[in-house]
Amino acid sequence: MFVVFTAGIGVLFLLGHGRVRGTLEEETRTNEGLRHYLIPRVVGQLLIPFIILFGLYVQFHGEYGPGGGFQAGAIIAAGLILYALLEGEKHALNVVPQKVLLGMMAGGAILYTTVGIFGMLLGGNFLDYSVLSDNTVKGQQMGIILIEAGVGITVTGTLLAIFHAFAARDN
Amino acid sequence: MDILGLFNYWVFAILLMIGFYAVLAKKNLIKKLIGLALFQSAVFLLYITVGKVKGGTAPIFSATAEGDVFSNPLPQVLILTAIVVGISVTALGLGIVVRIREEYGSIEEDEILEMDRQ
Amino acid sequence: MSGIDAHLPALQVVVPMLTAGFVVLLKQRGLAWAAATAASAMSFAIAVQLTLAAIGADPIVYEMGNWPAPYGIVLHIDSFSAVLLLIITGASTLSLVGGHASLESQIALDRQPYYFAAWLLAVAGLCGIVITGDAFNIFVFMEISSLASYVLIAGGPDRRALPAVFKYLIMGSIGATFYLIGVGLIYLMTGTLNLADMEMRIANVDDLRPIYLAAGFITVGLALKAAVFPLHVWLPNAYTWAPHVTTAFMAACATKVMLYVLFRFDYLIFQGNLEGHAVQFTGYLMPLSLIAILVGSVIAMLQNNVKSVFAYSSVAQIGYIVLGASFITAAGMTAGVLHIFNHALAKGALFLAIAVFAMACSSLKLEDIGGIAKKMPVTFIGFVIAGLSLIGVPGTAGFISKWYLITAALEFGTTGAFIVAIVLISSLMAVYYVWRIVEVAAFGERLESAPEVSISKPLIVVLWVAVFANLYFGFVPELPVALATETSAILLEAKP
Amino acid sequence: MTELFGIFLLTLLVITAIAVVRAQNLFVAVMLMGIASLLIAVNFFLLDAADVALTEAAVGAGISTVLFLSALALTVDREKAPKTKFGLALAVTIVACLVIFYATLGEPRFGDPNSPVQLHVGPWYLEKTPEYVDIPNVVTAVLGC
């Protein structure tokens, strides 16, 4: 998971600054997405809630079916990217601003390591979840759910941040 | 059937080399990254093939799956991580390509080398 | 060990990683740098602790999540890891402490948090590679550190950094993927990813063809990442155009960590189990490293940019390390590991000195640094001493490893004499390319167009710390020699 | 039957991959790449790797295609015709391919339940997961650990 975090940092480092789109006219020209195309817009808007719901399902049901933090993060990010493509990139940034994305990137990573360190503080080894609760199996499950949440948050944030870094770039 | 048993490995080899050829021979930077992505997916195929058991099912326990043979979960875990690595490399690579295009106005390797020589 | 001590192996990686998460969020001027430096210093302290615990003792083993080996990931620290840990965290801390002013001038303020986060991730990744005992985990850490290094190099202000880093990215990814294929093939035949377990289980494999293929893939892939000649083409440009502080850090440790993995695999896993592997290893790598030593030095003599001189010299120095290893004798391996340590000291100090020079010159072309010695005498003396250490003059650290290398080579009779001749020729070439710079710096004319001299005191202090380390380990080489001897004992234990 | 279907898909995959490399229009190449990712994902599903298939479909066919397209929008979408022929690269890849073919002859056959992978380490996870972690999806359980 730290790999994707690193890549996110890298892309933001490379593209996050400098020639980001500036003037107002350009913004209106390029930021409208597919607003004037009725059918893709209606169909797309119908799909987005389901995509995000499916993402959440994959996140929280990952223990019972196929899925987990990374897949969920990718799916949710895909849903929000679809929104950005339909409504224009600026609208999407209004929904989830860049600052929030950065916070998600870092927050997920911090959550992951903190859970690991908690295992250490409670007398186990690093990433030992069995000590998180009296019942070792319960502890393992708690640990996995928390870690998966961390992974999901970071992946969603990073993939979206990467997408916006590309999309906001002036050609 | 003996030869067919190795079919997946052969596809792995061919796919690997198609990707590798693209990375080596193509001068377009985006094409190189596409080749790299193919190259990496070939490796995913190798690992997942390794974990497969004939007649097995996905390693998810459930009431109906009692007594089933499961395929090996470990390679799948590894490949999940490797897919993450793959997308990270692609994203960073594309970021660099975009910056190269901004600085040099080209994404062809030989043209860029030409400009640097001057 | 008890309390926090027991967790040091995990903390070695966790501290920089966790801090990287916070550093991204620190927007205030200098805060990101301060946090990164503190984390780096802390991991250096941890590395020192671990070295003291590992020296002369059994390897430290730490089970992540309390899962027993070979099922979970274990961390495994012995003398060889300790050498690398010291180099990585030491180089990182010195470069960060001294590099603040240089980085301020080269990297825009709003990009700095990302840069420092990437720096910490690179440290975490490199440390991770060195301490983990799991083949796949090595791959993950390798990619973390590589991606982070791409970011660190791409930060260079010159546009030529970008094609250089793209080349590095393509070649680095190919190398890592080759490694992954090799590990996959071994896993296919043995069913394990734990390095120690692998070593034992390969002995029971009936059909060794896939293992030979795996050995090929792993050796080539890691050689690519370690810039072993002729797979070094990504290195010179990447080092030349990176920000100066990045170069000082990367030149000291990045390729050496890959050599570490290479030696681990080739010595411990393949050599005991594959018939003829030792002969092949020597047969390919010895000539290649000799060519690397000569070609690297010759190209270094022809360069016009101070940084590319030392970048090509790095290719030659990697040749020395591989040469020592290719003897497959205790003496040779000791020399190789010693050179890993000593070359890191010399190159780190040289690039730190260059970072100081760069603050008073419009570019690092040879003609632009003319007369710099009069403006910056203290730095200049440091530069000269580090250069002497690179050449291998007695009294400096570089001499120790060359001495060990020559002694090891002489065990081979006529071939040995030939190797010694090449080492001496290449040392003379090093004298030439260092002298060329010293001559221009001391006796050249300073250009009219040269910018005002701005001196960064911390950078000079750090430079002198590195220079003193070069001298200290030249007179009192007990610590590195002890570590290197132990390492060669560990690595050669598997040899029949 | 599934084996035959798998072989069919893999053949398609190879054909798609060749088309990707040959396409001069980068837009076409990226789209074909998305198709290749989907084919691989279906293959993973046939090979009992549901999680990996899901990920590959979301990432390979989804996110990575979007990223490639947004990069194309910022650069150019046509590859310049190559000036030189690449006989050497082709030769290298073909030789390497044959070497791998030769080495695969020593590998365990596809789906062999007695191959070393199935006998060591792997089964331990399957066996111990219910006892230690008690989460039905073993992949999630192992990944989290």
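Observations on the model:
Lettered A, B, C and D in written order, each chain numbered from 1.
Just so we're on the same page, a residue touches a chain if its C-beta (ideal position, glycine included) is under 8 Å from a C-beta of that chain, and two chains touch if they have at least 3 such contacts.
As the structure is a prediction and not an experimental result, all values here were calculated from the model.
Looking at which two chains touch through the most C-beta pairs, you get B-D. Averaged Cα coordinates give subunit C a centre that lies 33 Å from the centre of subunit D.
One inter-chain figure worth recording: subunit B and subunit C are separated by 28 Å, centre to centre, where each centre is the mean of the chain's CA atoms. Put simply, the C-alpha centre of subunit B and that of subunit D have 6 angstrom between them. Centre-to-centre spacing of subunit A and subunit C amounts to 34 Å, using the average Cα coordinate of each chain. Shared contact sites, meaning residues of subunit A that touch two or more other chains, fall at 3, 6-7, 10, 14, 64-66, 68, 70, 127, 129-130, 162, 166, 169. Counting partner chains per residue, subunit D has residues 50-51, 55, 59, 63, 67, 71, 74, 100, 104-105, 107, 115, 117-118, 121-122, 125, 136-137, 139, 143, 145 touching two or more of them.
Shared interface positions of subunit B, i.e. residues touching 2 or more other chains, are given as 16, 20, 50, 58, 60, 62, 74-75, 80-81, 84-85, 87-89, 91-92, 94, 96-99.
Chain contacts here are complete: no pair of chains fails to touch. Chain contact summary for the complex, subunit D toward subunit A: residues 50-51, 53-55, 58-59, 62-63, 66-67, 70-71, 73-74, 131-137, 139-141, 143-145. Contacts from subunit A toward subunit C in the complex involve residues 2-3, 5-7, 9-10, 12-14, 16-17, 102-103, 105-107, 109-110, 113-114, 116-117, 119-120, 124-130.
Subunit C contributes residues 65, 67, 70-72, 185, 187-193, 201, 205, 207-210, 212-213 to its touches with subunit D in the complex.
Residues 16, 20, 23, 29, 32, 36, 39-40, 43, 46-47, 50, 74-75, 78, 81-82, 85, 88-89, 92-93, 96-97, 99-100, 103-104, 109, 112-113, 116 of subunit B are the ones that touch subunit C when the two sit in their complex. Touching subunit D in their complex are the following residues of subunit A: 58, 62-68, 70-71, 74-75, 77-78, 81, 127, 129-130, 136-137, 140-141, 143-144, 147-148, 159, 162-163, 166-167, 169, 171.
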